[in-house]
């Protein structure tokens, strides 16, 4: 299967500026909104039971992240994903630290019943979602990407969705076609909630509906990979890296994205 | 009516470092505190029912922002504004996305009963507060400023308060006198929660009580407009813009503010 | 008593990358996570009653900060500190604005019963914890450090813990041995939640368990003091200062820390 040029997704995102409803963790809210704005999308964050369904229904995409979950927030997420599912609004699940506690595993199982369009996690989280031992510790991933590719593909097939597994190398798969995306920078894990922001960016790209979610997800991951490389070339530490990453996301053009993405087909035997 | 030199407000703010109690949204908390500190005020954020009235009563001003509202937070806001109203402590309302859901409209009507000193919003929000169709979408404003000036003036007259409507051009009015403030930079809407920070800055300026709130509000908006222009002259994207904006707010002197503000009287026929 | 070279603590922290469970205020969450990541630790933030004890038990240290406290969060904190106390996991208390309201004083008394390893506060907060008049106003300290040293020592003796009192000059004491730490920069109080981040950094250093908590706390404070000086030498305001501080924490080496720390014994008569 061949994907459309990745820049097509960014071009549509910039034109449409899709409204991305984010229900995310407290740590990530500000940085996620800034990632979406830098790339050209329109973030919104609200979660009250009095309004969450009303608002999800008018959004172009929904991004769900369980980082600092508690019961009221879990209720809001379940209402939002049910609404999204009902209105065919694409939504993305970021299962932060799902392997760390039983509460997270149980909540993710409930959320998965509402047909996410994309799941974006690190290898530990993808393994845990598959019911495999995650060896995860808190929010950091300790599993090697290579170990987890099979789990990502299995999860995509089970859920009939796209799985984006990010780490030193990124993998994106819809269960049938699999891509590896290179790029990024070693400073990325030294800045908090970049993965959370990436999940929301995936939602923004999927909202553009240029083609099936596999291509949109690959485009979002490639944006981050290229912007990360560029930010890393000037940064002197994680503080300046985060600033430079937002600038690089803003400066990235559709042509840039098409030309500089490092996307390769992954063959699985 | 002629206003005092705008720098007089900043000079008093720097001397007094007023304690500004902020009950704001999760996305904006950190950036709002940094805006207040950079300008010279003292932010504080707390909301528990056990202490919110006790703390509001010792504050110099209160800033209320409904961005990520839920019922416990709404209760805290209502307690705080009742306390502020009772103690003649000036308070500012930022009605984020008020037109987006019925819940927000209802809450804002409850809050307005407690006599805000200033309302700061974008054109969509000001139109929605007036009961007019906001055409708003999420937190971004889609209404053209020119369309909304009449609504701002009407709202100021109805509420007997100052209304600050910000966008490409800023308008500030007390219902009788109206000013337009130029400046700022196109990168400003690409950084999240700058408007929220500006609302809190208005509270800090009003707390200085140099003259009636109209002048203080114009001074706060002019601060942001000048600092935004300066930040935009060096920034290479929204990441570096946000950093430069805080530096510019910190570096701005009272003389600077008086000299470089672009304030014009608006005549309405 | 002589301390081990302070760099030994940083070396172990970098090797172990201890998992630091933070239950902190909304304003500080993002910046605290970034401080920990820049220094080399692994932050995690969660608080739901369904999982908080399970997670504290697998953490290397716990950091508790009451900045934006409310009853659900207070419950989570009490569960977490009880778990930490039971498992001999060191925990740090940051009693933000404890003198400002009765609610905070009552909560801190409850928390203190669970044997914090370190208390990190400003002079007003330390005085208030000792039951003395804090003259505090909101989250900013108005008490002079010199006035409060006796209170810090008394508190350390009463609680059998380390007390770190930070301000223009930092003091660290275990009730028997007392050190003053110089460094830092006047821009530090103009950036929000740096003190909160420092408290979490103390937790990361204590987790390294190189020697008794007194040395670890002195090492964490010295890190901040040196990084603050370096950041201040290039910053043009609080925005660029915060960015440079994270870069400086990341760049700081164990040798640097040992060589450049400005630690002096304080004699109390």
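Labels for the chains are A, B and C, by order of writing; each one numbers its residues from 1.
Heads up, the rule we're going with is that contacts are C-beta pairs under 8 Å (C-beta built on N, C-alpha and C of every residue); 3 or more make two chains touch, one makes a residue touch a chain.
Note that the structure is predicted; figures quoted are calculated from it, not measured.
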{"item": "Chain-level touch network, classified as line, ring, star, complete or other", "value": "complete"}
{"item": "Same-residue or different-residue interface between subunit A and subunit C, half as cut-off", "value": "different"}
{"item": "Between subunit C and subunit A, distance of the C-alpha-averaged centres to the nearest whole Å", "value": "33"}
{"item": "Residue list for subunit A, restricted to those that touch at least two other chains", "value": "26, 30, 242-243"}
{"item": "Contact set on subunit A toward subunit B in their complex", "value": "19, 21, 26, 29-30, 33-34, 37-38, 42-51, 54-55, 58-59, 72, 242-251"}
{"item": "Contact set on subunit A toward subunit C in their complex", "value": "25-28, 30-31, 67-71, 97, 100-104, 137-140, 189-193, 235-240, 242-243"}
